[in-house]
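Chains: A, B, C and D, in written order; residue numbering restarts at 1 for each.
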Amino acid sequence: MSELLVSKWLNTKGEISLDNLRGNVVLVYVFQMLCPACILHSIPQAKKVHQMFALENLQVLGLHSVFEHHDAMEEKSLRAFMHEFRVKFPVGIDKASIRTKGIIPQTMEKYSMQGTPSLLIYDKNGELKLQHFGHMDDMELGVIVGTLISGDIS
Amino acid sequence: MSELLVSKWLNTKGEISLDNLRGNVVLVYVFQMLCPACILHSIPQAKKVHQMFALENLQVLGLHSVFEHHDAMEEKSLRAFMHEFRVKFPVGIDKASIRTKGIIPQTMEKYSMQGTPSLLIYDKNGELKLQHFGHMDDMELGVIVGTLISGDIS
Amino acid sequence: MSELLVSKWLNTKGEISLDNLRGNVVLVYVFQMLCPACILHSIPQAKKVHQMFALENLQVLGLHSVFEHHDAMEEKSLRAFMHEFRVKFPVGIDKASIRTKGIIPQTMEKYSMQGTPSLLIYDKNGELKLQHFGHMDDMELGVIVGTLISGDIS
Amino acid sequence: MSELLVSKWLNTKGEISLDNLRGNVVLVYVFQMLCPACILHSIPQAKKVHQMFALENLQVLGLHSVFEHHDAMEEKSLRAFMHEFRVKFPVGIDKASIRTKGIIPQTMEKYSMQGTPSLLIYDKNGELKLQHFGHMDDMELGVIVGTLISGDIS
């Protein structure tokens, strides 16, 4: 399993790891707080899934992977954004990378993401089932989630 | 299984029955061509599911269950509606009922539907899993479909 | 002035004519009850303008100009449509034309309209200021209406 | 006339003042870059008006009036926001106020604004014709703009 490389988790006590979330379908919404498609489409969808599956074996996570305008999207700005947009699920800050001179953060680089928004979907065994760049249609996402959530744990 | 009572099927050759559709998840969109919520929300969704699952074990059906303004929604009007709104899936005309003096059609009565739009969802074994009055959210529908389509046939 | 050629007015007592409406800005929404863009965009906009200017010198009219599927959009169907979609402003039925063998109705032909929805906008002097094919953006319409309604009568 | 109190203008060379804009209808969109209704509704509308009236006597201005999360919405963040959201019209930064301990900025206080988004509309004579709290409907705005833009300069 390819763990998320996170410098700090917000909206949660303690650490979060994909490993500890085994048994749950996990959706990771990779975003930047000043990315228009993230704000207009993906974050609202993430909030909707988070609410819809509050009582089920599904965990929504955010991953703040900043690759541009770094000084405009620091932790204090992210916290204000999350407060204003009522983001209640855990959000991790993607780890800065020395190798990329602080430009592309570590998880983003490791997964070779093309940008934000990106969506990572893991099944109950922690296996990455889908990596999607751009916004995903609600119904399409629902089908994937419905399929995975009714699946067994190996 | 509770068959649909249909006087005529449009957009298809031959008869359609839930029994013959075993092995498929079946979605029946019950509508009236002059019902605003049907036109604005449910028919567009039905078309979307129909396209999305064109190659899979899922069948979308329409059921035209007229319970008001009968003379404004006769077959010729329904055909014009389907042509203009590009409805490509099979649509059955709910059978007129002598018992209700032609007001409530037979399938609508048999299922005790509250009005239109209504949605009936059957699993691969032809068992009715959900009867919903009003429009259903895209993601919610996706989850149900994803769950049923990954289910086995008994 | 180029009068509308109407066989019957619904939603109003007596006749309606552009001549009698002098002193008002007049918007004529030309539609067919089974035209998707009319139902999804233009009729909702017409209802909105009608409500917004209920107390001002502006009159919204509908004109039902059927040029296809004639037997599916007869008066009884139009009445059911207007009831279901809560259309409260006057709607005229465009006069059938012998010259076009009953296909293109008279007002539609006279104005050389390209189809539905079309919008005709007259100033307070009854002069046609704009003829538009297709749906018009809300803000664009607002600007035109705001300009005309603050204009004088000559 | 009640001038805007601005510490710095972005997206423009030199100073901007309502006085110098006489002869133009002026729309001032008061916003915070992390206010959801501003991002989702008002900024998109401001961009639309700005484009629609590019060649006419109408000027769109932004006013960044931060009254919460100040350290998350500094100039560098605002600049990144404007870049990402393609804001091309001039945006002024509302002047910090010693009197309110840096909380409510000066223009916001002077106009007794209730929050963001707020919209100020001035006629060609520089007179404030409307101060609106919350988002304004496109058609409603169009009517006001159409009325003012066809008005004379006294």
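Observations, loosely collected:
The rule we apply is simple: a residue touches a chain if its C-beta (ideal position, glycine included) is under 8 Å from a C-beta of that chain, and two chains touch if they have at least 3 such contacts.
No experiment lies behind these values; they were computed from the predicted model shown.
Distance from chain C peaks, on a Cα-centroid basis, for A.
If you average the CA atoms of chain A and of chain C, the two centres end up 50 Å from each other.
Taking each chain's centre as the average of its CA atoms, chain A and chain B sit 37 Å apart. Contacts with at least two other chains are made by no residue of chain C. Applying the touch definition to all chain combinations yields A-B, A-D, B-C, C-D. The touching residues of chain B, when paired with chain A in their complex, are 45, 48-49, 52, 137-151. Touching chain B in their complex are the following residues of chain C: 34-36, 39-40, 68-69, 71-73, 76-77, 79-81, 83-85.
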